[in-house]
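The following blocks contain the structures, represented as structure tokens.
The same chain A turns up in both complexes below, where it pairs with chain B and then with chain C.
On to the complex of A and B.
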């Protein structure tokens, strides 16, 4: 009992600095932001802000641009999560299989290097790749006599172009999580299923995927949070355009902040925060229930 | 007792002297980059001759960050002593903070300020308060690549037809001679409301018209025949004629400058503040500046005066009195001369222009026709919201060009009338 209390003390001792940092740099800014969202913009940052209750929220929620931005964010998140996690799962399974022989290290590096590349630099290069006048992508397509890709210059393709750039940047992280989980999987189970006559698809569906549930859960939740907050790629590549096609909620709030509309900007940010928390909790709950 | 009193008086005297000689540093936040910093440092050298111990710390922010930083600083009582920018940006600061000092008394204290016209002072005044001391007039000319014009056998364009024809040649005739189809007619920007309207303003005012969206009486002018003609020509550059890089829809100032300085466009905006840099670096003098294209035979085309740039003093400036003195000093002849030499513009007309590069002289002693912006922000406080709504319509039209531009313009004008009515009815 005494030993346990001692262990507790040690735990709390080690955890305390991180808890303090979380409080100061995590929780406090969130609370401050919520306070600003309840204040009039012109006084929001002053010593004595004028509180306006839910007025900023009402303004934001009545703004059709915000509604469009929110809908766009949710659609993009759904697509980006599915594409990123799906691609990463397939890539990790391939890396873990015998299909790829000696090239395994190269392919691991190829998918992980973008993760450690500064996002700003990566997205600038993508912007150039997509450029309609000198971009390598369309030059390549022209060589192959294929029609050009509108990239970030066309409202019809801008979201897809952003998604591809983000896939390049983030997928490696999800692959690593899947690979770590695959390393822990019991290979004997798959072998036994093969001996019992299970097809490759059946082994994947009934033997491997259930064992990958922890990695799928982590990746899904992380990707949800990541893509709901999509921001840097928009600032660097599209500035919310063209014609609002990539004006996601984070960038919408940033533009308001940039115009000095602090109350509305933080209200939009707080709504996004609530959505992120809500969807993540829901996804976590559903996944946990599935495990039970 | 007498000795104690004398010692006390001496001590007080020493303290006062010490206080008088105490070093003071003024901070000023601007967006003019190295040239602006050089200007303020040199002006302070002059100012310090009569104000020993005073120094200045100029800080330059990219234009799109300047607004946010200044607003936040003023609202959190960490304001710089002075801010410097275009009048319209200072209006936004004044609106967002309510803490920009009225400089009417400061201007009254400047001897001999007759070189500031009524128009100059009107621009500097917002809701009855003089929010900036106007230090520089902003001139924006139409620029063309000299070598490209020679290559395609064209001169500096006068009419819109000349301009379009030459722009097409810039695009099709490989004027940079690199064998690649990588050149464009115009360098413009269209990533947000300010970007697009700013570009449209240049064509509208440059053609000799007086308003872009709304007149001082609140009448929407978009669909008046001449306005509609310029607007259609402008939108067609993007949507039908495709005389800009396709990525222009994502361009702000930075990207537009990259296109200009990277030698990818033949026609572009030349601000008086660009001339020094573009003469010595980047374009290396390979440009000619002149009036914007002429649309109407009976209306003279012009170089556009885009308002005034000036200094403002936040109410919570840490060294307010000294900041006002420095602001006043910036209108003195020596400081104005430094402004002209370093940044390329000023407001006084009695300055020596002999040391300026040739293109700068054309701005300093303009022989071209000048037309000023209409400054709707200072008349209609809700103008920025109207502008935002108007921009969204234009962006949508650029993305999906209508078959009949004139019908689109008519419909947009009606919508803007409804929007303006709603905005005007809202309490401030």
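On to the complex of A and C.
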């Protein structure tokens, strides 16, 4: 077989622009970032960078700020995944139940609209909603005689504030994934279980949740990847602060890049990439094994 | 099926309604903020309608972050439309070729390489992309931004899914009639793919309108800033013009919100399918 059979030639032509973009803006940058992560920062952008081996990785891994940032990222991811997927599951079950009837579309669109709202604009609005002097949030809490919320101004609550804003932007996506799966579920099964005397909790636990396995798996993996990479919300609302409370790894790496530490920035980035791949592969593997 | 009890329905509506209102409230607050003065907001932060209906903040916005507002609007529209058109054309042809000749070694590598790229944390890819743009002399121009935004996973998965489900007989019949591959793609397959093209176009428009980090990284002057990047700059400026920030947020949010509400079935369906496939 020759490499370029006549009848294949036209397909190479069709795929050429797609291949060019993938190479130039995908594979080349990935290789470059690995190369830069092994180079000295001051020479990293030059034609002939000076290679320093694993030095950048060693520097990053020995940096207590990076360790703190990584730990913070993992804690935030665990919390955000649990809250987002949990909320989305509960909300989707509510919208899917027969009691809702009319209004279902409105309730669905209300939580999905933020997904297609430019995240930057959404987070700008949230940043001001949290504002201590004229944000609506604390005014609303005061109206209800509830204690005030520190929001992004206090290290104790900044992570929670970021989480709420991200929930607003992302949860609708997880909701519609659950709704799509619920639409495929066999309602007769749950009804039969009800007739057999199963409680609502038993129906959920033994009849509905097993059928929702595919959506739970997809949402968990998407949410894991999403929240490990949390970036825009930090840039807009907190700049990693206050006092480093929201300095997650992607923002940590970006700051290094901004300071011209290209080697360390890409090393930190590559470590995050390895964690993203590792954790998603682990989640995928666990889910597959549970299914068998 | 049993008729739901009215009390249960009211409880369900109360919960879903409260959640919906909480999700929609930021939009109302943003619109109000663009019309109320800082002093007015300080004295009555929760007032649900403005003291006066005024578009002053919008008129004052003629220049933001070193560009005229109209330039930022034109940049947003131009970059989003151009990258959407390119994304649809390039991804459709690419996915079609990969589906017709899935066995070719080069195509298997291409698919694998593409998927790897899409798994790479986006914000980290942008750093080396800066270096690539620098090497290709694309920094500061529109070309680099548009090309970079023309590649995305949802688009590829939706097209791939459609072409894979296409009955082989359709293409065989055309081949027997002696049609060239080029004609088969443009005269037979693409007309059938019109619904997918529409879905992918709308979703790409929504996604690319929201893009800000690649635009910021590739730009060397504010001349190529889109609305979200202008908004980021305005929000970071000292001596905050709160009304102006809210007005620019409204302008940035409105086009995708309207497009979404018109095409919500297509958008939600397409994004769900693209995700489930990926």
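Quick notes
Keep in mind that, in the parts below, the second predicted complex is superposed on the first by the 265 of 292 C-alpha atoms of A that agree within 3 Å, B and C clash if a C-alpha of one lies under 4 Å from a C-alpha of the other, contacts with A are read in each partner's own complex, and residues count from 1 in each chain.
Assume a contact is a pair of C-beta atoms (placed from the backbone, for glycine too) under 8 Å apart; a residue touches a chain by one contact, two chains touch by 3 or more.
Please read all numbers here as calculations on a predicted model, not as lab measurements.
Legend: residue contacts after superposition of the two complexes on their common chain; A:30 is shown touching chain C, with no touch to chain B.
Look at A:244: by the touch rule set out above, it reaches chain B but stays clear of chain C. Set against each other, chain B and chain C touch different numbers of residues in chain A, with C touching more.
Judged by the touch definition given at the top, the superposed model places A:258 against chain B, while chain C stays out of reach. Using the contact criterion defined above for the overlaid structures, shared-chain residue A:133 touches chain B and also reaches chain C.
With both structures placed on the common chain, the touch criterion links A:177 to chain C but leaves chain B unconnected. Of the two partner chains placed by the overlay, only chain C lies in contact with A:21; chain B stays clear of it.
In the superposition on chain A, A:43 makes contact with chain B only, while chain C stays out of contact range. Shared-chain residue A:198: touches no atom of chain B or chain C. With the contact threshold set out at the top, residues 45, 127, 133-134, 257, 262 of chain A are in contact with chain B in one structure and with chain C in the other. For chain A in complex with chain C, the touching residues are 8, 10-12, 14-15, 17-19, 21-30, 32-33, 36, 45, 91, 94-95, 97-101, 103, 106-122, 124-129, 133-136, 139-140, 143, 168, 172-173, 176-177, 180, 191, 214, 218, 222, 225, 228-229, 231-232, 235-236, 250, 253-254, 257, 262, 265-266, 269-270, 272-273, 276-277. Interface residues of chain B, counted against chain A in their complex, comprise 64, 67-68, 71-72, 75-77, 92-93, 95-98, 180-182, 184, 190-192, 245-247, 249-250, 252, 264, 392, 395-396, 398-399.
Residue ranges of chain A in contact with chain B, taken from their complex: 41-47, 127, 130-134, 152-155, 237-244, 255, 257-260, 262. Residues 1, 4-5, 8-9, 11-13, 15-17, 19-21, 23-27, 29-30, 33, 38, 41-42, 45-46, 89-91, 93-98, 100-101, 104, 106-107, 110, 113-114, 116-125, 127-129, 131-132, 134, 136, 147-148, 150-151, 180-182, 185, 206, 209-210, 212-213, 227-228, 231-232, 235, 242, 245-246, 249, 252-253, 256-257, 260-261, 264, 267-268, 271-272, 275-276 of chain C are the ones touching chain A in the complex.
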